[in-house]
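Next, two complexes with chain A in common: one pairs it with chain B, the other with chain C.
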Partner chain A sequence: MSRSTGRRREVRGRHLALAVLLLVPAALASLFVGAGELSPLDLLRADSGAALLLLESRLPRLLAILLAGTAMSVAGLVMMHITRNRFVSPSTAGTTESAVLGVFVATVFLGAESVMVKMVVALLFALLGTLFFLWVLRKLTFADVVVVPLVGIMLGGVITAVTTFFAYRADLLQSLSAWTNGDFSSVLRGRYELLWLTAAVTVGCYFYANRFTVAGVGRDFAVNLGVHYDRVVNLGLLLVSATTAAVVVTVGNIPFLGLVVPNLVTLVLGDNLRRVLPVTALAGAAFVLACDVVGRVVRHPHEIPVETVAGVVGSVVFLLLVLRVRRVAG
Partner chain B sequence: MAAPNHRATGRGLTAALAALALLVLSACGSGSDAAPAAPASSGPVTVTHAQGTATFQATPAKVVVFDIGALVTLDDLGVPVVGVPKLEGLPERLAKYAGERYTKVGTLFEPDYEKVNELAPDLIIVGGRSAPAYAELSKIATTIDLTVDNAKFLTSLRERVEAVGAVFGKQDEVRRRLDALSARITEIAGRTPAGGKRGLIVLTTGGKISAYGPGSRFGLIHDALGVQPAAEGLGTDIHGNAVSAEFIAQTNPDVLYVVDRDSAIGDNGQAARRVLDNALVNGTNAARNNRVVYLEPFAWYVAPTGLSSVESMVAAIGDSLS
Partner chain C sequence: MTSAEAFARVRRREHRVLALLALAAAATVVAFCVIALRGNWEYALAIRARKVAAMVVVGSAVAVSSVLFQTVTNNRVLTPGIMGFDSLFVLIQTLVVYFFGALALSSADPRLLFAGQVVAMVVFAGALYRWLFDRRSRDLYVLVLVGVVCGTLFSSLSSLASRLINPNDFVVLQDTLFANFNSVDRDLLAVSAVLVAVVSLWVVRLFPRLDVLALGREHALNLGVDHRSVVNQVLVAVAVLVSVATALVGPITFLGLLVANVARQLAGASRHRVVVPASALLAVVALVGGQLVLERVFALDTALSVIINFVGGIYFIALLIREAKR
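On to the complex of A and B.
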């Protein structure tokens, strides 16, 4: 890793407790923000309309936010380790863009009515795109810490160009943006449940965390420690691709999420994946929650998609991070 | 180096002369208040359009049309055209325009200038989505822009349709149909306040919902037909205001007007019915009283400025309020 792993700051219970303490009230508060009028008082009065709103819209939306937020930031964290570069995440390695291409292909050519079909095709595309990125990475002789994600971003740009070209030919540019812009406004009961898959993936990441950490130190080192390096890396890619595909299919792309959250957390807590994973997950959830609440409040009762808010906040943080690394690296 | 310069000066001169001629002609024309006053048979006809005026010595024979609304109007009036953009998902009545008899001159958004040039048309019609190509197309032939201003939809529509009538000598038919349309609108607008129904217009695409209010592309419903808007403060952005099912539930309209964009463009994405079939929308007055009105996507979304489109649009809203 580019940063010293020597800083072994323990993630004590208090870090986790603090994160939970911040997140839980925010999550509860978010239940009462939205286009419909709903206050805790309405619920206490056992108003049937209020209960409906809560169960149909607010609770599913909150769960979708928490699931997508945790999943994408954990995916980013895993990706950081696999590629041994802290600026590589699904959105800077072509993974997200490939998943989007997959969604497009499934919708147009397979006429995919079923979300599962879309999801599987998106996963395959995400996996292929990421593998291609890793292949390109191996060919790079000048693998500077900032150059690597730049290559990924360019690769993503090329894939997006392909998608855009076909969408243009099929007269579906506007539809494409509707499918892929990260947005929780259409989340209702019955329309987000696919995201629970990502919860399973996140748990899987936790169990493999130590191996990812070792892989993150380098191939030779990992092999010396008796870790099946290739198997671990491939598994990681599969998990990351599955997460990205599920999130893109259900809510669309949330830019910078997998990039800035793991970076900020590891800046403070160090690089041991198993230790920082729970905090990263919670921080990711908090990040998305904050962005979505802002999007719901700014133009109330209309909405600004979470993608826009996350893009604005995320790009600023990303720039600061890049500048910081440049400074540290001298 | 010299040759292009020469040509440039030549073109400049021609343009200046043309402009002068136009000025003189339009000065003649401006005496009469409404532009298409002159009878079709004799003398030049000058019409005003969204980006200027145009003068015709004779009825144009070869017409290329990029605006689908204008195509609908021309079809209504029995005016033949030679070139149309690539069109898909046309209703049965217009399906012939997708066929080989009509030269395909590019897309709605991007004309194929070579093809247009080859056709050597007497008149090119743009509007709405194709309006930005006006400047480039008018270098090839006389071009008119039939874009209708949403802020004053009916007045603007009348001007444009009357211009078409004047150019092709169909003033009488145009006047008769526009007058009938006005009467119908007045009748509908006259009875809506008594009904007191509050309406909300939404468009669905790719599972997302956006809402439209007065002054928007679907504003006709509120502005001219007098349906009270169920939601305040909706902007007039071309792509509407992104909203959620919650918003519809909170607004609780008496009539919910739905434009299904995905079916308008022949996409097999999530149909509007599936997007709107949820407990929140189903709880509104509109859904409970069976007043969720699915508007005909071609007329409303693709060709909302065609004469018969507007006739059918007005009729649909009239029916929804009865």
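On to the complex of A and C.
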């Protein structure tokens, strides 16, 4: 990953302040938008129905959005560093698709009722799928910056085909679409708490950030600096897989989140992971929040899942990024 | 061995491969129609014959469009499906329902409607991909990546539009979009068969120029081929063929990739006169044979495209690894 040093600027307090400034109004909007009427006035009047709606549905939803958005964009950022490729993220490396396969396997073969079992199996599959992707990458002698995600996307397609085939046989196609389509409409209190795990993972990423940055420069360089390259990479993969698994199990897949947000942020602020990470986390949360609010407003009182909105916005941004990067790189 | 003898040998091999493939295609078709035929023979045969006809039309459309597309993009890892052509068609269809309502879709003459959709597809796909090819004809992988993401964009937009459609209209739309080989509309099948035949005949006259085009843009220009005009004609043909295949059975992304490459390997030649019919025959064998195995052996019926995507996806990755090593 190389970027012209001229573009790199210090992350100062104002960037963070700006991100928070964007996030707060969006979060407030999210609390008071939805099928059920709820206005700040209702809360002031100490309306018990309004308080219930807020505590049981709106607040958990907001927290889930913030946690998932933060975690997936940070996971994408870490993955960018580990693979040293700007276009690699959980959704372009087969990680997400493997996690979905894991959830499916847990449901069918283990009859998993417990969310924890699903989560652990999804994590194992996500890890295996990503390791397989890295193995394929090593086979590519000519790993062009754009070939790598292409392989990942194809791998994801193959894994999805396997999942679809078995889901079809087990008559689970409908549940499958629930796991593959990110949607916050079913988030209530008691059904999102697993996502707090990702908060811990995100904090872990922050403390490991410098080592990921060094690993991102390359194996030899990292070893020269006394960093256990393999250990760092494996830890990174574990963190990314855990995040992906938790998000897939709780809300489903949100396309392009781990790809577009870290790319936009590093485009503006440079590559130092530790500096960029907080802004990326906030920007990811804001992106999901905005997509979710849009999805709730466009066809009020019905909802458009965040997956669809993020798919449209994300792919347009991604296209602009790819075309722009090529122009810069010549 | 003189060059004339070598030439004759290549020709003999081409003929042998084509004859064998034709035989294999005929055998799978017959097997599909007669194996485990019980009850009312005439009735069952008529149903199976229509299914086979649909598979032959779709297989030919996918195979011909893939080979042509690979030639104009000068790359063997591309197919219109990977580039998002078929999701573009689904998007157009969804937008028609969104703007005119399902009533228009169900009350209008399906043939007229289909013609309108194909025209829209040709215009949009032509403009979009023309622009892409012009911009970065050298940078192939960017083209693929952009195509893949365009596919995601189109299907996200379709799903957005389909959620804005009222629920009754949505049911009608879903019926038209998720058709499979079991429920192909007879009128549409007839129109599609005619369209595929006409387009195929139309592109046959381009074959010699396409052979030159396969040498690369510079060579083709030096040898006096009007590159731009041929590419434009091919893009129009591809758009029509993809529309036909997608309208009949929905997207089968990797089938074209699989048959075009296997056909090239089998025939050991790149002349379009050989590769195009060979891959069409292979597509028929893959579709009819696959459906035969699924239906009679596993007693499943709609998962064929899933299996083709599975096999094709693995093949695609292997192909990328091999191409990259060169």
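As a working rule, the second predicted complex is superposed on the first by the 324 of 330 C-alpha atoms of A that agree within 3 Å, B and C clash if a C-alpha of one lies under 4 Å from a C-alpha of the other, contacts with A are read in each partner's own complex, and residues count from 1 in each chain.
Heads up, the rule we're going with is that a contact is a pair of C-beta atoms (placed from the backbone, for glycine too) under 8 Å apart; a residue touches a chain by one contact, two chains touch by 3 or more.
This one's a predicted model, so the numbers in the text were calculated from it and none came from an experiment.
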Combined model on chain A where chain B meets chain C, clash or fit: clash
Partner chain(s) touched by A:301 [first = chain B, second = chain C, both, neither]: first
Per-residue touch tally on chain A - higher for chain B or for chain C: C
Which of chain B and chain C A:174 touches, first, second, both or neither: first
Which superposed partner A:218 touches (first chain B, second chain C, both, neither): neither
Which superposed partner A:183 touches (first chain B, second chain C, both, neither): first
Chain B versus chain C as contact partner of A:25, first or second or both or neither: neither
Chain B versus chain C as contact partner of A:150, first or second or both or neither: second
Region of chain B that runs into chain C when the structures are aligned on their shared chain, from 42-50, 78-86, 132-140 or 186-194: 132-140
Residues of chain A at both interfaces, chain B in one complex, chain C in the other: 299, 302, 304
Residues of chain A defined as touching chain C within the complex: 87, 136, 139-144, 146-147, 149-151, 153-155, 157-158, 161-162, 164-165, 168-169, 255-256, 298-299, 302, 304, 308-309, 311-312, 315-316, 318-319, 322-323, 326
Touch list for chain B against partner chain A, complex: 88, 107, 205-209, 211, 231, 234, 239, 241-247, 249-250, 261-262, 265, 267-269, 275, 278-280, 283
Chain A-touching residues of chain C, taken from the complex the two chains share: 136, 139, 141-142, 144-146, 148-150, 152-153, 155-157, 159-160, 163-164, 253, 300, 302-303, 306-307, 309-310, 313-314, 316-317, 320-321, 324-325
Chain A residues within the chain B interface of the complex: 34-37, 49, 52-53, 56-57, 107, 111, 113, 171-172, 174-175, 178-179, 183, 185-186, 188-191, 299, 301-305
